[in-house]
Each structure stands twice: as C-alpha cells, then as structure tokens.
Amino acid sequence: MKLGKKLGLLSGLAAGVMLAATGLAQAADPLKVGFVYVGPVGDHGWTYEHNQGRIAVEKALGDKVKTSFVESVPEGADATRVITRLASTGHGLIFTTSFGYMNPTVRVAKRFPKVKFEHATGFKRADNVATYSARFYEGRHVVGLIAGKMTKSNVLGYVASFPIPEVIRGINAVAIAARSVNPKVTVKVVWVSSWFDPGKEADAAKALIDQGADVMLQHTDSPAPVQAAQGRGIWAIGQASDMKAFGPKSHLTAIIDDWAPYYIERTKAVLDGTWKSGDVWGGFKSGMVKLSDYNAAIPADVVAMAEKARKGIIDGSVHPFAGPIKDQSGKIILKAGEVMDDKTMLGMNFYVEGVEGKIPQ
Amino acid sequence: MLVRLENRGEISKTMVYASPFIAVVLTLIAGVFLFALLGVNPVEAILSFFITPISTLDGFAELFVKGTPLVLIAVGLSFGFQANVWNIGAEGQLTVGALAGGGLALLFFESESLFLLPAMAAAGILGGMAWAAIPAFLKTRYNTNEILTSLMLVYVALLLLSYLIHGPWKDPEGQNFPESRLFPDAGILPVMIETTRMHVGWLFALAAVATGWILIARHVIGFQIRVTGMAPMAASFAGFKEKRIIWITLLMSGGAAGLAGMVEVSGPIQQIVPNISPGYGFTAIIVAFLGRLHPVGVLFAGLLMALTYLGGENAQIEMNLPNAVTGVFQGMLLFFLLAADVLIKYRVKFGGPKTAGAAEGAG
Amino acid sequence: MPEWFIPFLLSVVTASTPFVFAGIGELVVEKSGVLNLGVEGMMIVGAVSAFAAGVTTGSGPLAVFTGAFAGAAMALIFGVLTLYLLSNQVATGLALTLFGLGLSALMGHGMVGKTFPGLPHLEFPLLEQIPVIGPLIGTLLLGHDVLVYFSVVLVIAVGWFLNKSRAGMVLRAVGENHNAAHSIGYPVNLVRLLAVLFGGAMAGLGGAYLSLVHTPLWVENMTAGRGWIALALVVFASWRPARVFVGAYLFGGLTIMQLHAQGLGIEIPPQVLAMAPYLATIVVLVIISRDSALVRLNAPACLGKSFHATG
C-alpha cells in the first residue's frame, strides 16, 4: 500500500521529466545555459524564483536553448566543481545565483574565457563575468509605506536571516518609508540565523507578534511568517514570491523577484553575440522587482499612495534613500535634498532611526 | 520461513572482498528500477552517475578533492568506533579546525613565509583536538555521554563560525558580505596536478590511512583500542585504562577532523565562508562503517562516497534528474553495502531444517 | 504577568511537541537495545506524507495517521537491515536520514505552495473566563490542538508501559541483555522490530506535527535538524519518558526565549543566543550524568549491539 503510493508519486514525476526531455530533444545545436542554485527548487522562495526564470528562458527561446541546473549546491568547495563541470560540458552561459558563488565563479571564469558567467548579488566582475541583482529595497519602500499606514500598534515586526547589507538595506528602507507616513513607527528585528527554517521563522514571527508587532515583514525564504501572521490575525508582507495562499486574509502584498526578463535578455545577447560583461541592478523599472496584488482590505487611498510611490520610483522622482536620513542616534547621515549613492547602499552596515536594537557584529 | 541466515562460524575470506561487489550489483539492479520508474534511460543514468564524472582528468582529480575530507575524518573516527567511543561531532571539530587554521592565515594575511602552511595545519589539528577534548573531559570526568555532547557542540561550532564571519572576520574590503579575505598564497595548499584542483591534502589523507593502518595492526594502542571495544571487561583486567582510551580516540578523531577542516579552507575554498562543510563530519561516519572501520577500507569507501556526490551533480546536469534522486540513490547504495556485510559472517540458506531459535521465528 | 507571557507559552508548546513525539519514540527504540539515528529521515518523510495526505483528502485524522504510517514504513527498512541483516545500526541510521531527505523531496514535488487548514483545537470558553488564573489555565491546559494532548497521554502511557506492564518488562529485558532474554524464550528481534516501528511512527507523527500544525506547509528540508535534537533529548533524559517531555519543553522554551530576547532588544549577538539551548543541554546533561549509578540504571546495556540467535 505504502509502496504503491510512493510509486504513484514517482511515476507522476516521471511523466513530467519525460515531457521535459522530449520537448528538448529536437534542437539542432542549442546554446546550453547552466544554472547553479543554492537551495532546492522546491523552497518556494529564492531558488524557486530563479528556477521560474530558467523555465521562462526555455519557453521564450524554445529549441534555441537547452538549460540545465544543479540545485542545493553548497557555497563551499563544491561550488567550484559544479561550475567547472557546467563550463566544461559545453555550457555557453552560466548563471550562479547566490552571493557565496562569487569567488568560485571568478576562479572558474579565468579558466574558461569563452564561457559567459552571470553572478547574482556579487561585486567582482571580469570580461566574461557579469553581475546582476535586484533593487528589492524599492519594493521595501512601497511595502513600508503600506505597513506604516496599516499598523495600529506602530510596531512592525521583521524576521531577518543574516546581517548582510542586502538585509539591512531592506530593514532601513521599510523603516524610512513607514516613518514618512507615520512617525511613531518602530521596527523590531529578530534574526533567525538561517535563510530557511520554517519552524524557526514561524516562532520568530510569533515572538514579534507577542511583543506588539501587527505587521509582519520578512527577509527569509519560507512562507511560515505569513502563515503565523494569519494565525494571529495580523498583517503580513510576503517575500520573494506571492505567498497569498499561506495567509489570504493577512497577506497585504509581496515583493516578487522576477528574473525571467533579465535571463531571457542575457541569453538572447549570447545567441546574438552581443553579450558584454556589466553590472545590472534592476528594480521596478526593469521589471526585476514586482509587487503581487494588493489585498482588498487595504484602503483605496493607501493603495493610491503605494502606486504613486511605485510609479515615482520608476520615473525617478522618488528615491527610497533620500535625505534627510538619520541614524539611530538621531545624527543626520544624509542631508536633505541628497540621495544615497549605490556604493553606500551596497555596503550598508548601519540602522536608521526607528529600527530597534543593534546590528549583530 | 524460506530464507534464513546460518552462522559460518568463521569469517569468509571470499565474502570480505566479494560483498561490496555484490552490494554494487544489487544497487545497480535497484537503480535500473528506480530510473525506469522515473522515466529515465537506466543505462544512461548509471553511466552518468558512475562513469562520466571521472572520465576526464578534471573529474578524476575532483574525486580526490571530495574524498580527502571524508577519508581523513573517517580514519580518525574508525578508532573511536572500534573502542565504542561515539564521536558524532566531527562536523564541529572540522569547523573549529578550519577556524583555527584559517584564522592563522587571516592573521598573517600578508605573509609569504613557508612556515605558514605547516603552522595552519598544526593549528587545524589542535583546534579539532580542543573541540573533541570537551566531550572527552566531560565523559571521563562526569561520565557524560559523548554522543550527545559532541553532537551539541556541532551546533555551537557552526554558530561560532556564523558569528565570526558576520562580525570580526569579515573581509574589510568585502562590502560587508559574510566572507573573509582570500588567504595569501603562502596559506594555500599547493596543487599536485596542474589545471585541476587536486591539492596535497590528499597526501594528508593517505598519510592518515597509513598511520592508522600501522597503529591498528602493529601498535599496542591499536590493540588496546580493539580489546576495549570488543571486551571491555578483559581490557580492564589487562590494565588498559578506559579513560586513556577515551582521550586518545577522541583526540585522534578530533585532530583528523580539524585537519580536514583546515584542508578544506586552505585547499579548495581559500577563504573562510559561512558554509565550510556540506556535512562531511556526518557523511564520514557512514564512510567509516562502509570501510568496516579499517583504514584501507575507509580509503575506498571515502572515494566511493565522493563518487556518488559527483555522480549526483553530473546526473542533474546531463539528465535533469532532481537532486532528491541522488539522496535516494545514495541511500539505496548504502543500504545494500551495509546489508551485504552480513554475508561475511553468515551464509544464506534457502529452506532446509530450522534451527530452534526465537530470532528466526520472529523473522 | 506581562502581556506576552501567555502567547509565549503557546509558542513553546507548539515548538516543543514535535520533539516530544520523536523523542519518546526513540526512547522506546533505545530501551529495546536499538539505536536508530535516522530520526531526521523518518520525521521528514512523515512530514511530507502527512501533508500530502492532508491536502489530497482534506482529512486531518487521515493525514496524521499517514504521517505515522510513513515513519513506520521508513523504520521498517531500518529494522530489516539492522535486525535481520545485522547491518551496523549507527551507519544504517545515518543512511536512513540521507535516504529520507531525498525521498521526501521527491515525494513532495507537487506539494510546494499548497496549504492545509490545520488540525482542530479543543476549546473550553467557560473555563477561560475565570478571572486572573483563567487565561493562564486556559493557555496551559486548554485550547491546544488534539496532538498536543495526545503527546501528553503518550508520555504517560509509555512511562506506564515500560515500568508497569509485562510487555514493557520484556522490552527492557531485551534491551538489557538480549542473550539472556533469548534463552528465556523472548522473541528478541520481534520485540525490537516492534519497538523500531513504534519509534518510526512517532517520528513520523513529529514530522506530521511540523507540516500540519506548526507550519502547515511543505518545503524541502523543513525539519531543519529537529530529528537530531530529538535524539539528543533521549540521552539527555537518561532514558526516562517524563524527562524526555521536560527536555523537549526546556529546549523548545529556550529556543523561543532567545527569539523573544532579541525582540526585547537584548544586545547579545543572535548566534550567541542561539547557542544557548545547546549549551544548556550539555550543562544539564553533565549535572544529571554526574550521578553515574543513575545513568547506568537507565541506559540499556545492549544499546547498539546486533543480535543473532545462535539456536
């Protein structure tokens, strides 16, 4: 009985694999595109969205490309081998989708000058290594505005993974935006020291709720915090992919990573021979960052405000890190009328006013 | 009951060598079924698992890169396991060894000294030993179970690494990302085959195997360890100090794991990163038993285990098989290998008269 | 009593219950003289099976049952290998975890992104209206999901079984000295197999609790090492059911407490705070095990040793 069930599941999967295989079989001499993932494609977060991007490449370019991926590649000694393996098996373009692959990517790229490499969220480039990342903080700005308007307790909870600039930038963007519409807001942060541990993320969310938070934000990858928020009847904002299914009442909106346009564009560039190394940091404007549908419970004027900010970011009239910005001690670190440059944002290592606690060092 | 096991009364020499092959054949048969179920061409899948990964010089070298930490740790662990000292925390000892050895490279990041590498290796060994000394002390002093303390210390070591790499040891020029500086050239293990990543760490592993072999076969310590494991009472009559054995085996396995950690950061990784080991400390436990707790057996088992990882990656690239299949396939291979060892001491009988015995009745 | 105290306790109950299930199951296994290190693997297969059953049928009880059944099916592999083919228990257990993580990912392929409404809670609105102590009683004793109550009953039942029932005596005898037990005529391997199956079912239940109640969703590797903690708890509890329960709540409590401490703005690095549950476990264990006579009294003498009847 048990075996029968397993077999059923396996054969269901098998059918899928076969379909994928036959769909690829006819191509004459397709460009092989490789993807290296840090998590399982079933994480419903970071890796899931990258894999959606890969699938989109296959859909858009059909038999001109053949994609392959390796999932759950540890960011240590194994990364170099996997990337080398991809490069030496005829892959012409390789996306390495986590920060920890930076040095391995650069190392392998030296050995394979003809292969093009694209490394996500890093800062080391070469003639055949480009970098790309998304300006998630633009999304954080808009959700920060919504959270600032929706909170009654004036406490926003933030489930955070690791104190890296990317995460700190998100926390600050939310704090600045929320306080711009509601100066009483404070942001409480709990670090779970993991990108991915649904149980701990849920427990952290509950701890924040117990301490008064009534809007839950997260920079971890599982939908558990949204679910916890729904369970306790507070608002939540999803991360990386649409998490409405996990908390339909609570889910205000989610910041979605959409890598598909970039992946398609870069793959096309390799096919055309126009690929050049560079650094792309895309946001709302390039479609790399998106927001999922707004919850119907958000008042119309708040939606209008959020949409205005989103459009403002696209046309350049709104900048999430525009002065005056004060640090936690109240000292002005960015004067009125100035906007923060990319370099400061990329290395951000301080909290702004309104965030509670200290960055763990 | 039609099938039963009968004690051979002695160890079958043939089966000592034949059983791994029987297991591999059984795994291949089961693998054919698994892959057929998944709708994948079984022959292609098995080739892509076992043959193509090592068909190039690069791939062949990678086998040793991946096998080095597994063999190093497993050789160390096999001593303790023979003496019934259960060090489950090699992963933690590896991490602390990597921190100690790698920390030295970070401290002297401008060094060009030839002494840096030996010093790092020594620091790695000492670091691993120090971490293993905690369970040894608690076991000998307070009789605290070493399985639990060594396992808990794994989590503590990983959190210590996380703390250091997000704080004090962060690369000052690294834009606040959680990675250390790159080690200086003097702190990187030399490569043995040009263009590949095969570094001299593999020689450490071979040296560990040789030392282990001599110790267990020739040295009095090896004898004491084996007697303590098989007959603790006899050991204490013979005047072997149990506490001494506990200390020696834990320090040896901790030192070996610490060296493995240093080899990983100084060989293939070349800096301190948040994830130094993908669970080598735990995988090495399986390797130790697959190698039947014998250094030479461990050598082959470590390479076989390494091959399944390379094969899994390769099958993903070539066949689009999900990573999960690797885990299932690996598990199956291990099950068969572990089960086949029964043939060394027992022979399978079909039908025939039953010997009286509750165990058979239960089966 | 601060306002956050009651919800804090609630979080502790939810975080601790999976440990209770997996720990008590492993305790019975170890009492019979078998060491199964594959708890993590059985838990994760239990989690995915329970969730899949819950989503497909919509039935909570069926989901729970499927989780337990799947855990037992995994344990059967372990039991056959170690008891009848005499493979090494430590290595087989570790291999079981490897196998389980892979298998669960394969089985859960279509389950990512789905949700399950959760299990029914027992409500006693009248009792909770008693002033002052009402809410506290209400939180501590009432209003949990059914599995929490079952976990308490289970601990008591296992305690009774091991110490008072005849079958429990046989089980302990088998774990204490399998040769003697065999010569008296007890079916050593059958007893052990049943214990292993029970352990697997409980680990599966622990996994089911994670994917049905704690965070009703399926994502790969969602047990995140909880099976290992459950294993540690058994030794921590020096093989006594009540202490497994206490240990589980202590560990769960410390985990939740460190998250609260962060929210309250205590300035200790989160990594150092996160070490607290592990260090505390070691400290408590040292205190308990200093009394060596007591440990020897409870630890099964044949733990981890293979048995083959010589006839």
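Going by the order they are written in, the chains are A, B and C; count residues from 1 in each one.
Quick note on the criterion: a contact is a pair of C-beta atoms (placed from the backbone, for glycine too) under 8 Å apart; a residue touches a chain by one contact, two chains touch by 3 or more.
Given the structure is predicted, the values throughout are model-derived calculations rather than measurements.
Asker: What's the contact topology between the chains, one of line, ring, star, complete, other?
Answerer: complete
Asker: Using the stated contact rule, I'd like to know whether A-C or B-C comes out ahead in C-beta pair count.
Answerer: More contacting C-beta pairs are found at B-C.
Asker: How many angstrom lie between the centres of chain A and chain C, each centre taken as the mean Cα position?
Answerer: Each chain's C-alpha centroid was found; their separation is 34 Å.
Asker: Between chain B and chain C, tell me the centre distance in angstrom, where each centre is the average of that chain's C-alpha atoms.
Answerer: The answer is 27 Å.
Asker: Residues of chain A that touch two or more other chains: which are they?
Answerer: Correct list: 10, 13, 40, 193, 360-361.
Asker: Which chain B residues touch at least two other chains?
Answerer: Within chain B, the residues that touch at least two other chains are 159, 162-163, 166-167, 322-324.
Asker: For chain C, what residues touch not just one other chain but two or more?
Answerer: 103, 105-106, 109, 220, 269, 271, 274
Asker: Quick one: in the complex, what on chain A touches chain B?
Answerer: 7, 10-11, 13-15, 17-18, 20-21, 34, 40-41, 68-78, 80-82, 84-86, 88-89, 99-100, 102-103, 111, 123, 162-165, 193, 346-349, 360-361
Asker: With touch defined as at the start, can you tell me which chain B residues reach chain C in the complex?
Answerer: 5, 7, 81, 86, 88, 138, 142-145, 147-149, 151-153, 155-156, 159-160, 162-163, 166-167, 282, 285-286, 288-290, 322-332, 334-335, 338-339, 341-342, 345-346, 355-363
Asker: Which stretch or stretches of chain C touch chain A in the complex?
Answerer: For this pair, the touching residues of chain C are 3-4, 7-8, 10-11, 14-15, 18, 49, 52, 69-70, 73, 103, 105-110, 112-115, 210, 214-217, 219-222, 224, 226, 255-256, 259-260, 262-265, 267, 269-271, 274.
Asker: Where on chain A does chain C make contact in their complex?
Answerer: Answer in residue numbers: 2, 5-6, 9-10, 12-13, 16, 39-40, 42-44, 48, 157, 188-194, 196-204, 206-211, 222-224, 227-228, 232, 245-246, 356-358, 360-361.
Asker: In their shared complex, at which residues does chain C touch chain B?
Answerer: Residue positions touching the partner: 37, 77, 81, 84-88, 90-92, 94-96, 98-106, 109, 182, 185-190, 193, 220, 225, 228, 231-232, 235-236, 269, 271-272, 274-275, 278-279, 281-282, 285-286, 289-290, 292, 295, 307-311.
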